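Multiple structures follow.
The following pair of complexes shares a single chain, chain A, combined with chain B in the former and chain C in the latter.
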Partner chain A sequence: MVPEMVNGRKTIPYQGVDNYKPEGVFAARPVASCADYPRDGNKQVKDLKEALVKAGIKSGMTISTHHHFRDGDLIALRLFAIIRELGLKDMVWFPSASFPCHAPLIDYLEDGTIHHVEGSMNGPLGRYCSEGNMKGFGVLRSHGGRYQAIQDGEVHIDIAVIAAPTADTFGNANGLSGPSACGSLNFALADSQYADRVIIVTDNLVPFPCVPWQIQGNNVDFVVVEDKIGIPEKIVSGTTQITRSPDRLFIAELTAKFCETVGLLEDGFSFQSGAGGTSLAISTYFGDIMREKGIKARFARAGSNQFLVEMMEEGLVEYILDGQTFDLEGIRSMRENPMHIATSPFTSYNYHSKGNFAGMVDIVILGATEIDLQYNANVVTHSDGYLLHGIGGWQNCLFGKTVILPVPLFRDRIPVIVDEVTTFCGPGELIDVIVTERGIAINPLRKDLLDRVKGSALPIKTIGELKEEAERICGKPEKPRFTDKIVAVVKWVDGTVIDTIFQIQPPHQTNN
Partner chain B sequence: MKGTAGNCGDSIRSDCFVSVEPATDPGIDIRLVSKVEVLYGNAIRSLCLDIFSYFRITNALVHIDDQGALGFVLAARLEAALKQVFPGDREYLPQMTGSSQSPTAKDRLRRSRLYIPGNSPKLMINAGIHGADGIILDLEDSVAPDKKAEARYLVRNALRSLDFGGAERMVRINQLPLGLEDLNAILPQRPNLILIPKCESASQLAEVDKIMDRLLPDAGFPVHLMPIIESALGVVNAYQIATASKRVVALAIGLEDYTADLGVKRTTEGRESLYARASVVNAAVAAGIQAIDSVFSDVGDREGLKTNIAASKALGFSGMGCIHPRQVDPINKGYDPDQEEIDRAKKIVLAWEEAEKNKLGVISLGTKMIDPPVAKRALRIITYAVKSGMLAANWREGNHD
Partner chain C sequence: MVPEMVNGRKTIPYQGVDNYKPEGVFAARPVASCADYPRDGNKQVKDLKEALVKAGIKSGMTISTHHHFRDGDLIALRLFAIIRELGLKDMVWFPSASFPCHAPLIDYLEDGTIHHVEGSMNGPLGRYCSEGNMKGFGVLRSHGGRYQAIQDGEVHIDIAVIAAPTADTFGNANGLSGPSACGSLNFALADSQYADRVIIVTDNLVPFPCVPWQIQGNNVDFVVVEDKIGIPEKIVSGTTQITRSPDRLFIAELTAKFCETVGLLEDGFSFQSGAGGTSLAISTYFGDIMREKGIKARFARAGSNQFLVEMMEEGLVEYILDGQTFDLEGIRSMRENPMHIATSPFTSYNYHSKGNFAGMVDIVILGATEIDLQYNANVVTHSDGYLLHGIGGWQNCLFGKTVILPVPLFRDRIPVIVDEVTTFCGPGELIDVIVTERGIAINPLRKDLLDRVKGSALPIKTIGELKEEAERICGKPEKPRFTDKIVAVVKWVDGTVIDTIFQIQPPHQTNN
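For the complex of A and B:
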């Protein structure tokens, strides 16, 4: 079931892969004149508050921020503290993603400063939303879907506040150096191009020119210097550790063996791999196989990290096309190595681009909280019904040539393979292979892969067999109970609504 | 009075902490906090009620702090806590599942035996996926002294419920005499093999044997023994220990304790334990059983592990312990003969069989003389290769093509 209206806008229900093609023209911001800007290029103002006031901030506006600082972001909280101080209400926060560090914004949702959040809601914010406490609907979009929504005018950003690790007073900015260095800034690219007003906030002002200009000063209205815009150790957070879990290492090794067996690891291949512990382990197993076979990858699409950088510097990978950078080694490499390139949702994921990179990748490794017997998968809610994760680039990456989901068969008793996913986020026709510690299931649509594993020692099972095995070990789970109140919708990459998330029914406290 | 069992804390997964107190009001008052409440809350409550009704307990207050424990874990924790306040001999046994059974034989391959701490359910659940020849549910050193009793329930239930993936089901009991109590709980669950730690004399084996004779009167299924030699005295008595019971199928050495006994440091090259290792191998071979090496304790050192396995194989050991699942594969591969050895053994065996047919005592292959011991060694490699699946049983047929 999909609601007709979401936050005052009419919605279009999901129509299948590649079927929905909207018409019309791209959205745009009002015409600007350089006569309105300082001829000497100096756009610096006193502080963020002054910049917001000069930008004409009003109640009900949509304000955007980016998530390149991940759990080390200080700017979103500072921004809404100023908005509260100004006595403004009913703002819409449009982040490219949220993190646990944003939990204090729940207070602002409570007192009406923020009306609702349009963006991924992780951890505490997700819980708050799931329990039905937010006024508007949460709207979950993929990274590509966010670009699409900005470009076709579904979301209009009134003011974009872009935290920038390095910037000049003209507004050129990048994430490559400075105390809050984070690598790329390209999750804020659309914001810089389409928002009515753009404010750069930096703690590392350099004389003009700040190069490379990941964010172009020509799109920027004001520049603000603050003491500290992020917490470095949380920007490059501890996610980039290869898993030490024996089960996950086992799954990673099995995934690499599968790729080798079906002939996906050939000279010049490409892969996409995240920064999760299992993904990292898979990349290192790829590395072992590549060394042994004497082959290299043409490119890797990434969240880059030290392990991928090592592979590139060893000559196993020619190019890194990097959407976000997860550690200092990744940042250094992006700064120094011309073969390590910052990509954006526009190049990689956007539905309104004339093609994008996602479909060009040979091997795509992704996760999921649940997968059903039709290979449909969920990444935003847990099996207990709570909204706890964003979509990230997940939906966009499904367009890769072979999409593999290495997942444990169950997590702390909770089966991953289920009859029906709690939230439908990705259609099974785009998901090719499920690798678990107890067997590999291949989507029957991929007859080629099924042929190529014949006679191999790989533990191939049907997805139904995997589900039964999980239920034999864990027991058959009950379903979460929801009220009929909608709390959020999940968008597909083309802007249609693919599923709806309902309010959790509080668990009954029976004590028998 | 309150009985408790299990583990809790931020890092605990797939386990629970349970407390049971007698209550004056009738009824079983269950206070459940579970991370899987929505999905399994009702299943957990009904399991709990079933257990209390089985033990005919009508008045109790039960707290369960659950981190996603499977049914057999919850049952073990509840029973362990409950028995502290309501003692009795009845046992609440989960159903024995088919996948928990494994084939066993006196001389089956025992290259890798994976240690799993007996009170850590998280590590047990997937122990069977890693391809170990044996899985040891350990009641001894990996279980804290105040957790010994509850671990026994958990290991008992694990033997009935876990999927061992075809690995031999092994249990390391505590040092005697505590280990004798372990046997009472464990033996009825049909483990394939019992490891007896810190063995120093044949009389210890006799004690174990006596209990096994009593508990396994019909001997419808074999339960093997693997004594672990971990002291200077044990090394001296290795042959007596190896031959003390017909149930002994392998003799293992534990070098951490052995080097401590000598008062020397355990080194990677292991010169300090050469005598002990050679003695154990010699005693085992003399007794017609397998010699099994100690664990390699640096999980991160993959190269060191390889060197260690090669040295161990060269000394005559046929397997070693694994303290981490990632050690299983290198150990299995390390003790297997390599392709070159197999190819050579095939040639020798074929030549020898041909020679026997022609009634020749000694023949040569290339420049090397082949006499009976050479042929015997080659035949052992072939037998091994067939058993470990590296060589088809009908390999001779292919050779005549």
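For the complex of A and C:
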């Protein structure tokens, strides 16, 4: 069930993985002219307020920010404080993701400064949306889907405000250095290319040229210098931690063993693995196997972190193609090593492109909150029905050659494998393997993998068997109850609507 | 005098340096979809013919190539041989520049395979056009103007054929390695972004990822591997040569002295200098002064070459922002040194952008075939009226802070300073200084420079005095005679038509 209109735009319902054929042309900005910009390239103005006013900010506009600063972002709050001060109303906030630090924006949603958030809503904002309090619909997109939506003109950004750890007065910017260093700035790439007006806010101004220019000054209107744009210890962690949970370590080891057994770990292979505790453990087990076999990976897609950097520096991984940097070692490596490359949602994930990197990855490790018997999975809502996570690159990564979901069989006595996912985020035909602490299920579509595990010692089960086992232990949990009020939609990578999220039935339970 | 229509498009006459305000939006390609491309990213097809056919090539299409291979290009001829073999007619060839090696394309213009060349026409093609033999008009654009024309939709490229020294099967490509290494591929950037179909032709296929991706595979439709795509020794010279002419050396030294005297050589300054013999000598003199003063340049814009690379490696220049690489040392440096950066016509020169790099350069050294008493200059025709050169980045560089034209007072007994330039390519208000072997003329608009040379030993003269001196020595040459048939137009950086080139009056003289 998909609403006909979402935030004033007609929707197209999901039509299957590769079936929807887009029409029309990419979005196009008005032709700019150097005559309207200082010839000496200096676009610095006094402060963010002046930049916003010069950019022609008005009520009802769509304003974007990026989430490379994660829970250490100071710019979104400052931005909306200025907007409130200017007396503007009904803004659309279009972040590449939101974090708990953005909880104070609920006040701005309440007083009408912000009409709705068009982007992932984690934690407090997710709860606010799930309880039916937001005026517009939430629209959840993958990283690639956000690029696609901007590129295709589905979302028009009036003003992009890009927090930049390093920049010059021309507007060239990167995330590699400075007190707020975050690695890549590429989640803001589409914003810089397609927004009418682009404002760079930095706390580390350097003389032209700021190199590399992850964001190109040629797309920037104004540059603002502020004292402090982020909280370093909340932007990246000093160190990333491998899980210490014996169950998770076992799942990680089993995942690595599975990959080895079915022949996925061959010289020149590639893998994508996140920076969560289990993913890190899997990469580490991969490393052990690679050393033993004397092979190396051609590239790893990341979420970079110290463990992956160590593997590259040891020579186990030739290239890191990195969408976002999770710790200080990741940033150092991206700054120093030309084989550690900042990739963008355009190169990696954009589905409305002449191909992208996602399909070239041999082994993709992802998580899920729920998986159903058809291997369909959910990543945005909890089993209690609350919006909890953004999609991130999850949907995009499903196009990898072998997609593996290492998940615990249950969390807080709630089984992960269910009859039907609360929210349908990813089609089962793209999900190949589920690895749990009590066995591995292989999607029947992957006959090749089923063949290759024959005779192995791996604990292969059907997904039904895994589900029954979990339910024997935990029982079958009650389903969350919803009203018929739609609060958000989930987009597929091609811009179609794959599922709808409904308001939680009051009285609001907080069964976390 | 400007024709109303050029090759079927309405023209806008030149309106002054910064006066024309563009309307409309940037060109936009049809929305692509990954569904139409192989999921594993492998876009390789058998050969160029198959790629062209799959790209839907038809009579009348506009096909582009780049000129990074200079006189060693093998692809343009191969391309049109296939087009002729396919029996297609009336193609528009839209190169980023043409070279003497493209002379055989005159046959294709003769037999109707090519309707006209929309791009610079050097040597034999220039002569062919000047003599009124080409069906359509020649349209001469600067490097930045070519980007602008594509971006603004003035020229729509149906198929871009991009020769790539290194590429992967996804279409990521660069010019840094392989037998045909040429350095940057950025003259083909706009082609890759805006053409309907993009074909990469390489003789050096590497496993994904081909890094760095100067051309992004996400914009590429097909990849072709051929045995040999260029002639290395004609792509770049092994070594670049400083002029040995005493006159030219004197001009170079005088130019450097002038810059020092007026205070342009200060710590953190920037300069742009080409790879011609005189320009190289000027850079070398700059180096001497910098060593003596203990200063360094923040960046040099290039045309890179061994001399500039040596300066960077010595620590005299922090960054090289490089539009094209002229010798093997330039290529090595761009490959190895992250502070030697391949820039594109988008970053450096595109006038229909939110600023570009051109205006940030302190000292710009350029050439000219003719300069008039108002400092207007010509770079495309010789004093005999024949089309000889492309504009290159020349018009774009005029936006630098101080533009200096070091030129001999006469060439082959033809004075360079004239009453009126044969072709008006650059407005005198942007040209600051003329340095000749017999004196320096400063544009009266630059009162600051005139003040700063007061009391110096520099041989300052008026441009009128320089002209008289040349005419005393050489006499006043006869003007070329033209018919009233227009053969080409010259565009200004904003897409307006700044001048018109007429057919040479027959009988054709070959007074070179």
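Quick note on the criterion: the second predicted complex is superposed on the first by the 503 of 512 C-alpha atoms of A that agree within 3 Å, B and C clash if a C-alpha of one lies under 4 Å from a C-alpha of the other, contacts with A are read in each partner's own complex, and residues count from 1 in each chain.
By definition in this document, a residue touches a chain if its C-beta (ideal position, glycine included) is under 8 Å from a C-beta of that chain, and two chains touch if they have at least 3 such contacts.
Being a predicted model, the structure only gives us computed values, none of them experimental.
Peer 1: A:Gly323 contacts which: chain B (first), chain C (second), both, neither?
Peer 2: Neither partner.
Peer 1: Answer with first, second, both or neither: which of chain B and chain C does A:Gly126 touch in the superposed model?
Peer 2: A:Gly126 sits against neither chain B nor chain C.
Peer 1: Going by the touch definition up top, name the partner, chain B or chain C, that contacts more of chain A.
Peer 2: C
Peer 1: Figure out whether A:Gly428 sits in contact with chain B (first) or chain C (second), or with both, or with neither.
Peer 2: neither
Peer 1: May I ask you to decide whether A:Pro480 touches chain B, chain C, both, or neither, giving the answer as first, second, both or neither?
Peer 2: A:Pro480 contacts chain B only, not chain C.
Peer 1: According to the stated criteria, A:Lys401 is in contact with first (chain B), second (chain C), both, or neither; which is it?
Peer 2: second
Peer 1: With the two complexes superposed on chain A, say which partner A:Gly390 touches: chain B (first), chain C (second), both, or neither.
Peer 2: Neither partner.
Peer 1: For A:Tyr37, select first, second, both or neither according to whether it touches chain B, chain C, the two together, or no partner.
Peer 2: Second partner only.
Peer 1: Give every residue of chain A touching chain B within the complex, in rising order.
Peer 2: Where chain A meets chain B, its residues are 246-247, 249-250, 383-385, 411-414, 437-438, 473-475, 477-478, 480-481, 507, 510-512.
Peer 1: Please output the residues of chain C touching chain A within their complex, sorted ascending.
Peer 2: 18-41, 43, 151-152, 170-171, 198, 207-209, 211-213, 216-221, 268, 298-299, 319, 321, 338-339, 341, 346-347, 350-357, 359-360, 399, 401, 494
Peer 1: Quick one: in the complex, what on chain B touches chain A?
Peer 2: Going by the criterion above, the answer is residues 13-14, 27-31, 35-43, 45, 49, 67-71, 125-126, 129-130, 163, 324-326.
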